[in-house]
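For reference, the structures are reproduced in the following blocks.
You will see two complexes here that share subunit A, one where it goes with subunit B and one where it goes with subunit C.
Let's look at the complex of A and B:
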């Protein structure tokens, strides 16, 4: 019976090839666009370090003035001051890792005059950064606490820089210059893909940091600090200058600008929170933290959720793509109806000859599933090209400052998305066909035969 | 023609009518939302630059070595670059057209409540006019003797005469001549005198986004420090810029301890200025077009189906004396009635979508003209979509009824 139905379905598909094709095209176009957007949202919302992302917390403490406004959301809360950063690093808690960073930039150059200097973005970090965020090393390793505390001039460079400056050879032990400072390379990172640069809270995709240096060295040599400085009124007017000047004043100020992270196992979160609270209380006793004590520990998952919810382009695009898909499905309903109702006579004859409603439904359902399947296949092909198109648009609109390798994964179909697209395609086609099939199988038997 | 039979016909086939209406309403919603987003994004897009941007090269070098003499380097740079035969002229400038984002307020008075006028100041030497090929509209050009040059810390004095752009002059002084007038580049600053008015050129996206693309001031002064080094603008023989770029970069690398931050044709700077929003808007417009095609095909399919359904009635009407044009008109009117209802609902859908999007983006997307244009476009597409099946319907022979089919 199934194969008979299947044959009938195939026959019916071939009957009006233009209409069949139109239905498939309508579904495929809608689905293609829908999958394109869904893939982009999916890929940009994938949280890195998935195995421990819920244990990696951003720490924010409210050290602001008494006159400051209440914040509506954690994301609006200030980061950490330099002195709190150093104090918190003194906390000893087994099992808990803490790390902090800020951004800088510099001109990387080598003695070899044939290689032109490169300006690039970089991260200023402490020694635990590399273990907490599990950066992959191609050569060498991170630095230890002693190196850091000694203010040694060491640097870790990215694979890209290693390729450009040293032709890809193992450059550990060699020297590189940031502006005029000479630093020793102790490690080379392998390709470290992040869908967005979460660790400095910029959440920017596509511009990986190209070197990493110890915070002590960066501070001692006053490398630029690309940060937003949330200062008290006393320093508000010069807060911009803290990027390059007034280091001494910055270190002792209440300006918050360092991104502070803690990796805390599930069982210790309450302890850790308490410890931070008691730190804040002890500082309050010294006259700091004038507001009601408040702190935020926000794990990576929650931060990703928040940031992705605010992606304006994807949101707009998402709404339009969903509606677009709906319009395409409405079209499919109309075309299917037209296609099926042509078969009134045949169906009423078959019904008159004893075919059950169920058989008619089965036959047409099969036909619709085949249409949905083909629409799904074509839709996935369309979304592949859609994603390629979006990738190229992104690269074009960044004026080729983003490298394809760095953002390509954001526009990559995977099995989850392909599976989803198929399921969506078939389910939606079936839903679209409910009314046309219902109309058709309710044609009274023999009603169409009268005048022939 | 009586509209009554159309409603009767629609009543008979409620589902079809509903389907068509919903389809049109949704299409209208999606189409006009994306067109509205696109047009808002494309405001002030690719407006004339006022300069030969294909033949101007921009270089932004930067010393990372603190032991360099920027003033001497500038002197060397300009000399070396002008020695390249294909380079016609060069000028240092603190800002670059298309990326001049350092917006300030200029004032006609210093009172507390004096109104500020947004503008950007290009600090450069007398060659800038020739490099950018600006023409003199009024007054006189700046000359070499007007230019104040020096290291920032050791040069406290500033140029006291400026040139302003045509649009700037219009905004500040209306139809009066700007020549000899006094303006303030900041309320606390010394006044400066306008000595000339030059033709408009594009400043950058920040002013452009405010509809003040051409508001600029040229101040004849070149000041520098290690933290603040000028850019260079060079006009080259037409068509040679691309080939010359590498040579020019090499010239700038002759100074050691330096890094070339940016080196490009102004054409590319211009492209970058419009890129982000341009490609975004185009994405939406392409989607709109695809959607329009799909809906058009869908409507054609539905109407074709109805024509097949109504063959007998059509034959009868024709047999009773209806002309071909009557049949055509029937289908076109029927479709228009549905389209109209669909469009009304569609406008409501659009309003809610654009309201939501505007809330999210904090930017107003709504524009009545665009909305009406989209509605009209959708109507035309619908008529086209119905035209062909309706034509087929009109060609049904009256004899069909007599066949007893």
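Let's look at the complex of A and C:
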């Protein structure tokens, strides 16, 4: 019976090719846009370092003044002060890694006169950064603690910059100049794709920094600090100057501006939390932390959940795409209804000759599954081009400052999305066909057999 | 074989109730050739639909081959139609894009027969109606009379208990009507019960028995004659 129903389903598809094509197009168009948005949403919501993302925590301590407003969410809490950063780095806790970072900027030069100087940003980090965030190295390595403590002028560059400045050769040992400072390259990162730059909490989609500089060198040489300074009232008026001036005052201030991370094994999270609380209590005894002691230890998963939930563009686009898909499905319902009801005389005859309702349902379900499958295939093709379009829009909207290869993974279909698209296409087409099939099966056979 | 007791069929709308059949009592025995006549709108089609298990009814009982059809599920009614009833329609109701072989095959497919058995039955049925040589032709390549013979082949291929023919010659000229009638008589002579709705008095008279329906009520006007014929058969 299955093969007979399958033959009939194929025959039915060919019977009204225009209606069949319209149904497939309606489903494919809706599904194409839906899959485009879902892919972007899926790719941007993927949490990096998935194997340990629940163990990588952003640390925030509420060191604000007593008059400060309460915060509604951890995301609104201030970062860490420089003195707390240095103090926390002294904590000894086996198995726990701590890292911190901020951004700097400057004009970069190389010896090769054919390469024009370029304005660039760089991440200022400590040595643990590379192990905690598992940055892949093409050449060389990160710096060690001794190098860091010595404030040596070293730098790690991205593959992109290595390609651009040194033609892709092993540049370890060569130098670059940032503003007036000459730094020796000790490592070249391999392609390090991040769907968003989480480590500085910007969650900006795209790619990581192109340069990484030790924090000791950055502070010793007063490299500009590109950060938002959350200061107490006493320093609020000069907080903007902390970008380039008043380093001494900044170091001793209650201005929070350093993003502080800790990698803590599951078994040690409670201990780590307690240790931080103890630290805060001891500082409070010294007159700091005037408010009720509060700290946040938020892992990467929770941060991504929060950020994805607040992605207005994708959320709005996602609602629109879903609505559009629903409209396309409603269209498909109409077309299927027209297509099936043209067949009511034949179905009535088959019912009169002994076909059970479930046989008629099976025949038509097979037909819509084929339609759904073809709609799925075409939908995936449409979503491929849709994603290419969105990629180009993104590049255009960034004034072509973004490299295609850096953000392309955000706009790339993968097998999960292709599988989802097929399943969605078929399931939605089946749902869209319920009413037309129900109507067809409930046509009284006798009503159609008398007519000419 | 077919017995209706006090069967009534009422069509209801929000405003009116139409009594299509009123308290029909009827018994048709195996092997009979029964014609059903009556003016338009009298309830002939409703009678045929009920007899063919194509419609349900509210009152009375309808026994088909000893089984009460009343209240059976839709699936069960489909099975009964498939296994016990052969339909012949005025407008033939062949599937135009299927060859004759496949048209005759339709009810057999729904019975779940093996391919071999279906083939044998189809060939035999088409042979019976004289169209064995044209089994790969499409219905549109045949005359009206030939198409009706294909419909008869489809009806008899499954060896039903009885054939329900709704104006089987209504769309045919007199010569073709004559041929179709002779074919039905031939099938009946081999033991298949036939119930035929017709407007044609001449054809009605060729049946063993004539049932008249008027205003939803059935009168069996030649019952005794028919009984004699059946007894002598």
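Assume the second predicted complex is superposed on the first by the 451 of 452 C-alpha atoms of A that agree within 3 Å, B and C clash if a C-alpha of one lies under 4 Å from a C-alpha of the other, contacts with A are read in each partner's own complex, and residues count from 1 in each chain.
Assume a contact is a pair of C-beta atoms (placed from the backbone, for glycine too) under 8 Å apart; a residue touches a chain by one contact, two chains touch by 3 or more.
These figures come from a predicted structure and were not determined experimentally.
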Original post:
Is A:28 touching the first partner subunit B, the second partner subunit C, both, or neither of them?
Top reply: neither
**OP:** See if subunit A has more residues touched by subunit B or by subunit C, and give me that chain.
**Re:** B
**OP:** Look at A:356 in the shared chain and tell me whether it touches subunit B only, subunit C only, both, or neither; answer first, second, both or neither.
**Re:** second
**OP:** Using the superposition on chain A described above, determine whether A:413 touches subunit B (first), subunit C (second), both, or neither.
**Re:** neither
Original post:
Between subunit B (first) and subunit C (second), which does A:443 come into contact with in this model arrangement: first, second, both, or neither?
Top reply: neither
Original post:
Touching A:179 in the superposition: subunit B (first), subunit C (second), both, neither?
Top reply: first
**OP:** Determine, under the contact definition given at the top, whether A:4 touches first (subunit B), second (subunit C), both, or neither.
**Re:** second
**OP:** Kindly list the residues of subunit A that each of subunit B and subunit C touches, one partner per complex.
**Re:** 451-452
**OP:** Show which residues of subunit B lie in contact with subunit A when the two form their complex.
**Re:** 15-16, 19-20, 22-23, 26-27, 29-30, 33-34, 37, 62, 64-66, 227, 253, 257-261, 268, 271-272, 275-276, 278-280, 282-284, 287, 290-291, 294-295, 297-299, 301-302, 304-305, 308-309, 353, 356-357, 360-361, 404-405
Original post:
Hey, which residues of subunit A end up touching subunit C in the complex?
Top reply: 1, 4, 11, 15, 345-346, 349-359, 444-446, 449-452
Original post:
Okay, in this complex, where on subunit C does subunit A touch?
Top reply: 45, 49, 52, 54-55, 74-75, 78-79, 81-83, 87, 89-91, 93, 95, 97, 106-107, 109-112, 154, 166, 171
Original post:
Once bound in the complex, which stretches of subunit A touch subunit B?
Top reply: 19, 22, 25-26, 29-30, 33, 106-107, 109, 116-119, 179-180, 244, 312-313, 315-317, 319-321, 323-324, 326-328, 330-331, 333-335, 337-338, 341-342, 390, 393, 396-399, 435, 439, 451-452
